[in-house]
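For clarity, chains are labelled A, B and C in written order, and residue numbers in each chain start from 1.
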Amino acid sequence: MAVSTLAGAPPAPQPPQPEEGKRPRRRGAYVPYLLLLPGMLWLVVFFLVPMLSLASQSLQTGDVDNGYALTFNFATYADALSTYWPQLLRSLIYAATATVATLALGFPLAWFIAHRSGRYKNFLLVLVIAPFFTSFLIRTLAWQTILGDTGLLAQFTAFTHTDFLLSGFKSLLRTFGLISNDQLLFSPFAVICGLTYNFLPFMVLPLYANLERLDQRLVEAAGDLYASPVQAFRRVIWPLSLPGVVAGTLLTFIPATGDYINSVLLGSTQTTMIGQVIDAQFLRVLDYPTAAALSFILLLLIVAFVVTYVRRAGTEELV
Amino acid sequence: MAWLRRHLVIIVGLLVMLYILAPNFVVIAFSFNNPAGRFNYQWNQFSFDAWTNVCGVPGMCDSLGLSLQIGIIASLTAAVLGTMVAFALGRYRFRARAGTNLLIFLPMATPEVVMGSSLLTLFIAMGIPTGRTTILIAHIMFCLSFVIVTVKARVASLDPRLEQAASDLYANEVQTFLKVTFPLVAPGIAAGTLLAFSLSFDDFIITNFNASPSSVTFPMYVWGAAQRGTPVQINVIGTIMFLGALAIVVIGQVLNSRRSRQIV
Amino acid sequence: MADQSAGDLILRQVTKSYESFTAVDNIDLVIPRGSFFALLGPSGCGKTTTLRMVAGLEQPTAGTISIGDRDITSTKAYQRNVNTVFQNYALFPHLDILDNVAFGLRQRKVKDWKAKAMEALELVELTQVARKKPTQLSGGMQQRVALARAVVNRPDVLLLDEPLGALDLKLRRQMQIELKRIQQEVGLTFVHVTHDQEEAMTMADTIAVMNGGRLQQVGDPGTLYEKPESTFAANFLGQSNLLSATVKGVVDDIAQLNVHGTAMTVPASLLPEGSTEIWLGIRPEKVRILGGADDAGGDSEGLNTLSGKVTDVSFLGVATQYLVATTWGRELTVVQQNDGAPRAVLGSNVRLAWLPVNSFALDASQDADAGADIGEDA
């Protein structure tokens, strides 16, 4: 009997803590694989295999009518890069700007909800995710109504006699080249504003989760130890909130780079992003190799970004 | 000045809140508009027309039906497959755990345009025509990771002593699962399924790559409308979705708080 | 005797080893039916693992566990008529109190489960919260629900895993008395795992002291305290002063000792077999302070005496605790009742005395500090 129980219990890898009793169950070694199989198979067949197919497609030559052959034509990459590097670069810049903006706006909001909202905490959290309840596209279209020349923002400032603020804001945007004339809509500003808006909840929620666990007394302790509020933020709050910042940035930057809904609905031909190019090459131009190459370049850029970023931020808590 | 300093976080927080919610208010308000032209961007005249004739625009309600159908099938399938994976991850030791985690994480870290286009190349290479089925396949794929992560968190937070207590109280493995484990993990599964549904229902980019002219989902319809002219009915649907979901959440919150906070 | 042993819990050569260490090392134990038995030891000593093996939540690597003449070693937890009150209670958060208590009864398809469950709630005086959820109750109430949930099944053995650990001191005292009352009322075998020596001594008929996966000593609280058989037991249960001594010889069943040059005695029956180098142990409250070093009063006849200097005086309320340094530098702890007698002054020279029968002797090969400083908290 002793022998059979010995065999039935595979050795625990870590030194087990017998007082704890918190160890995953281990019986029937095939069970986890059965549970994993359908879901993982789905991801392999419809996520991993397509990635390979994308890689293969990008190295093929041919056309839609006569079919494609794998010729390891790396020239496609060079051509795609030399033709579309402005859109690629623009996507990265827009996404990075929007990410910084979500962080700048999301941090105070997350702090407010976590520590200053009292009994309205749950209500505010619901409001943060509430926009998701309405279609993303419909909400993006609403920004046309808000930012338009005679839109709600213009009407509001005119009504409250604060149009001087709006024109001041516009000249500020002009200095940074975010708008080219007097128009807010169909400009880089509108696209970044839309991206920021779209991904703000993705920044606020992980930040909130992180800040909520941050003990307020640490801030008081920092103050007690002669730190000014700014120093307390820089030396206590910010380092402790880094895991939330990292999660929020990744959740914002990655989808923002590939997004093209904002640049189509709120931008102009001057704000074309890489996703738009990929979409057009695939669905309208039908130049599959170029489209696939661009997709792959985008993927590689993002992987490179995530790896260096996570390594520099020094957090292991990704998933 | 001191007052301003003390309340700065609250003021900024509320302004950001306004930024987050403004488009929703616009959507609601403009569902009562009677626009002058084809586009519903300028306020013209108050009207109930769109509300009394929601399906009055051709194709919109069909696309809505398709989105609902795909959303329900995709979220339920992802829920079943994802829950199985979550239990495997939360409960068992097995080889290739790191690889499994990576494969779950990757779809969440890949831009939609890459996922959508790569699936399209697969379908093209295999000669599979795009349409309703390919949309479903894609939706289940990108919903899976989110369900797994949500349910896994719940499984991991489950105190193993509760199951031990059940088995101590004469419940065998199956009974323990049905009477203790499942009821306790169920909120996580429900949350994961709802999340999956909303992701599926709202997806445009991946869908657009894998759809056909005969399989137009609601977001695709809105996209098309943005070029041709936006009917007010779109705002009506947006408003109904917003208020409906808000009501569900509020009711859920009330029920939850009445049932008292769950510590475990 | 035969019918009495029918429901005894018997562990025979039970061992539980993991890859890197042995949690429970060859334990033999008979726990008589209807007794209140405590497994006492510091955290990591293997007491919880022992309990979990009895519950069926852990399989022993070797050995057998039986109740009466039924071997239950390889049966599953749900097949054993053994119930557990878990640490932190493990109440099902999705079920109300009544459903929690009735869980085991309904699992076994007991007909009048509702009445029985209510009866159990009555026993712990919680009938009024039957329809509440566990999270709505205080820690003490949850504890009682957990107890009712186990007791209601009338198990052959009821296991309690640090059941009072999460409660504050006052509530813990109250529950100790409550638990004892309930045990006497229902007459079930209680096996209580704890690291709190006071708790074990208050409640249990018999205590098994465990350390490092092994049983150190099994006995009633009085014997364990007065005559510990190891330095670990001596230090873990209360405080002990251990003096190194050499046995010079035995005259008329009295052992003659040399303690750093001072002659002392101890009844020969207390000597560990075959040892000449020993630890002479004396509990702090057994030592009397006689007065100044020069006061060689005649009333010290038949006592062991020592002179020393008071290095610390702490007032404890009912008693006063002194630290007295001996001539060779060892500090002894002495506790004196505050019975009105004048207290010794810090820095004064005093003479200490105790009755030889009140002391105990342990083999000197053991570490004198084993088990010290790990009693109270954790």
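The definition used in the following text is that a contact is a pair of C-beta atoms (placed from the backbone, for glycine too) under 8 Å apart; a residue touches a chain by one contact, two chains touch by 3 or more.
Note that the structure is a prediction, hence the values are computed from the model and not measured.
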{"item": "Reference subunit A; chain at largest CA-centroid distance", "value": "C"}
{"item": "B-C compared against A-B, more contacting pairs", "value": "A-B"}
{"item": "Whole-Å gap between the CA centroids of subunit B and subunit C", "value": "56"}
{"item": "Between subunit A and subunit B, centroid-to-centroid distance (C-alpha), Å", "value": "16"}
{"item": "Multi-chain contact sites of subunit C, meaning residues that touch two or more partners", "value": "57"}
{"item": "Subunit B residues counted as touching two or more neighbouring chains", "value": "161, 164"}
{"item": "Of all residues in subunit A, the ones touching two or more other chains", "value": "21"}
{"item": "Footprint of subunit C on subunit B - complex, ascending", "value": "159, 161-162, 164-172, 175-176, 179-180, 183-184, 259-264"}
{"item": "Complex contacts: residues of subunit C adjacent to subunit B", "value": "55-57, 76-79, 82-84, 86-88, 90-94, 103-104, 107-108, 133, 135-136, 149, 153"}
{"item": "For the subunit A and subunit B complex, residues of the former touching the latter", "value": "10, 13, 21-26, 29, 31-33, 35-36, 38-40, 42-44, 46-51, 53-54, 56-57, 105-106, 108-109, 111-113, 116-117, 122, 124, 126-128, 130-146, 148, 150-152, 197, 200-201, 250, 254-255, 257-261, 265, 274-275, 278-279, 282-283, 288, 291-292, 295-296, 298-299, 302, 306, 318-319"}
{"item": "Residue ranges of subunit B in contact with subunit A within the complex", "value": "8-10, 12-14, 16-17, 19-24, 26-27, 30, 41-42, 81-82, 84-85, 87-88, 90-94, 100-101, 103-107, 109-115, 117-122, 124-125, 137-138, 140-141, 144-145, 148-149, 160-161, 164, 198, 201-202, 204-205, 208-209, 218-219, 222-223, 226, 230, 234-235, 237-239, 241-242, 244-246, 249-250, 253"}
